[in-house]
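Which chain is which? They are A, B and C, in the order written, and residues in each are numbered from 1.
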Amino acid sequence: MTSVSESRTGNASEFTPAFLTHMRELTPLVQCITNTVVQEVAANILLASGASPAMVDHEADAAAFAKVANGVSVNFGTPSSHTYLSIDAAVQQRTEDGTTWVLDPVGLGVAPFRTARVFRALSERPTVVRGNASEVAGLAGMGQGARGIEAVDDVESALPAASKISNEYGSVVAISGPTDAIVTTIDGTTYVSHVEGGSTYMPLVVGTGCSLGALVAGYAGTAHHFLGESATTEEKLTRYHQATVTAHAHFAAAGLRAHELADGPGSFKVHFLDQLHEVTETDLHAINVTTEEL
Amino acid sequence: MTSVSESRTGNASEFTPAFLTHMRELTPLVQCITNTVVQEVAANILLASGASPAMVDHEADAAAFAKVANGVSVNFGTPSSHTYLSIDAAVQQRTEDGTTWVLDPVGLGVAPFRTARVFRALSERPTVVRGNASEVAGLAGMGQGARGIEAVDDVESALPAASKISNEYGSVVAISGPTDAIVTTIDGTTYVSHVEGGSTYMPLVVGTGCSLGALVAGYAGTAHHFLGESATTEEKLTRYHQATVTAHAHFAAAGLRAHELADGPGSFKVHFLDQLHEVTETDLHAINVTTEEL
Amino acid sequence: MTSVSESRTGNASEFTPAFLTHMRELTPLVQCITNTVVQEVAANILLASGASPAMVDHEADAAAFAKVANGVSVNFGTPSSHTYLSIDAAVQQRTEDGTTWVLDPVGLGVAPFRTARVFRALSERPTVVRGNASEVAGLAGMGQGARGIEAVDDVESALPAASKISNEYGSVVAISGPTDAIVTTIDGTTYVSHVEGGSTYMPLVVGTGCSLGALVAGYAGTAHHFLGESATTEEKLTRYHQATVTAHAHFAAAGLRAHELADGPGSFKVHFLDQLHEVTETDLHAINVTTEEL
């Protein structure tokens, strides 16, 4: 087994706040095929964070745009039939090109037609899967199921599910919760990074989770942009793991600062956008991130 | 005539701020089949108030979700053909199950195709109809018509229309305006409750009316949840009337407090979300609610 | 050549802050066929500014509503197939009626199917075209192309493109940027008005550009409302140019004041809505507006 620590990308245990600066310098173009509930907040969160959103989701244009975007976020909240067709087209293009995309299985299990489409997308081997504990558990055929958009499982209980998905589909798997967990199997070893921070107001503002998926797409696209053509699968997975962790730390840092300033969920959202824009590498270094083998 | 005051649900004249606590404890899952303009604010208003939104509006999933949701809000602002199909599916499911749903006839009369579909939904006997005075008057074939989403009739002039709809379709009918009116015919007697409060900024923030419809769906679903299997039609109507009044009082109280803090429509929306979250039973008791026979 | 300065509408060089008061008195009903990302913010910006939004975009109702609306905004951000059909229907109605409509070519060039539809709409001779420099340049077959929703060309470099479009399609052409430019060819002379103001936060809040297009539709519809039946083409173009300039000045004034109050893009949006509502004619007079022949 080649140790990831020997590669030029560092290893999965290395926390990389410098990705924040790389991301802002690239201003990655992120195609969001996402639900109409959260399109606006996702676009504003990407803009505030330093990425460039484009909600291109018409089936006739989805593939053409997926060919040029730095990142693609595929989100299953309130899809229309057109969204489904666009997801198919964009994912096929990204798979052909070997570029990154993020699957956000919102509402898995709450409605049968949607659930079948989520599993179809998972079979295309997303670069990153991001969801709450119930969605991740459900993807692995585990857990207690969901209740609307709320998680009923906790993050730690979903780690085996995340590990199973990472093994089976070669994906980074991120679980959002009070403490986030990012799980990746790299060359036979499964790593889990925990990211602390955020705010209890987050679940009271619709779209924070979906927007984190979009931001992960921006960070993963940035990581891909800076990887050499000859990067190995292990190097890629390491970078994508690091990028996903940094996106979560970006959210955690902004969430912590916004929480202090907020009087409720309305003002939290306003301050959160301000803070996503303000956050620096130094702020990310202050976030508690730990990585260990699972 | 059985007096509603003799039933265990109290009578329609009784104002029930305790429903606020019941609602938050249940965290009712509210399916919103609503327009894309207001999906985000409606979700945020439900979350801030204490309910759990799910904007499930794909025709292939609408009925399955309507089977499990506590409340269903059917809103006719900017519908797509898919929204129309979803409304049909969800309403049919709720009718079969004898569960609650709310009709919000946004834009009645402004466009002929939409208008025909609103009347079709009305014929399915919604639990609650909520709209502005022009929409309610239009539903009863009365009034001066609408102008876009604005009301040109006033609340008091729409009371006969509300009474007619309640008689004909067995619905609670809520009219939003500077002072809201909730009208229900129970066992031959028509009650009207007036709720004072709110803010003149509300008509300057899109989606406040639509979101009130969604919150009414949450409260009506909560009332249904706590009603026994053997509840009579009179008991149900009494509870749904009380629940609708409490939802309006929740809005009125939060609106009053947000108005004091706001510098304009932008900051009003932020404070309104904060205050919907903050409002207590004590705040609801301070709202002026009166009920009389019409 | 008839000098426009001799007409009763004044000439294109005249800045007309009084249009603000006329617009608020009319409360123009503005039909927005726009993308789902910005529907909510566009509605709130129209409401705060003094117009009345209606996002009527179902193909079966689009023409009927376009017949009665004061203004129509046609926006090509994230269109669905239904949006395309609605745009066709509404534009045909406005053309038949000789009433105003605004074309916002969002995302021109980023996706081939959408681009073809934008050019089809342009051929219908919009009253006003409003976009960023890359979109305007692209419409004239010039420029460096776009990158998602961002402009890569600057405003001044797009003036020849704006002039070409105005000559060819008889439109007022507005280019948004750090300093906005409004270009109109009236009876053989091309005028350019520059409007200074706004905020560097604007590009970090999704929908500010799209909403400006909607506000231009409100102002142009107001201008049309107050024009006599016998107005000549030159009088109409002069008024539409003035109206477009005033809409941009309304945005510039509110943007300046909001910028001073903001701590980031989240709070900027909140203050911007408040200030759009607060802005007076006196504030518009303080905006630097210059007009010259191009």
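One rule holds in what follows: a contact is a pair of C-beta atoms (placed from the backbone, for glycine too) under 8 Å apart; a residue touches a chain by one contact, two chains touch by 3 or more.
Predicted model, so just to flag it, every value in this text is computed and none were measured.
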{"item": "Interface numbering overlap (same over half, different under half) for chain B and chain C", "value": "different"}
{"item": "Fitted rotation between chain A and its twin chain B in degrees, CA, nearest 5", "value": "120"}
{"item": "Chain B and chain C: spacing of chain centres that average the CA atoms, whole Å", "value": "36"}
{"item": "Chain A: positions in contact with at least two other chains", "value": "36, 40, 80, 269-270"}
{"item": "Residues of chain A defined as touching chain C within the complex", "value": "29, 36, 39-40, 43-44, 47-48, 52-58, 60-61, 64-65, 69, 80, 82, 269-275, 277-278"}
{"item": "Contacting residues of chain A [partner chain B, same complex]", "value": "35-38, 40-41, 77-81, 107, 110-114, 147-150, 203-207, 262-267, 269-270"}
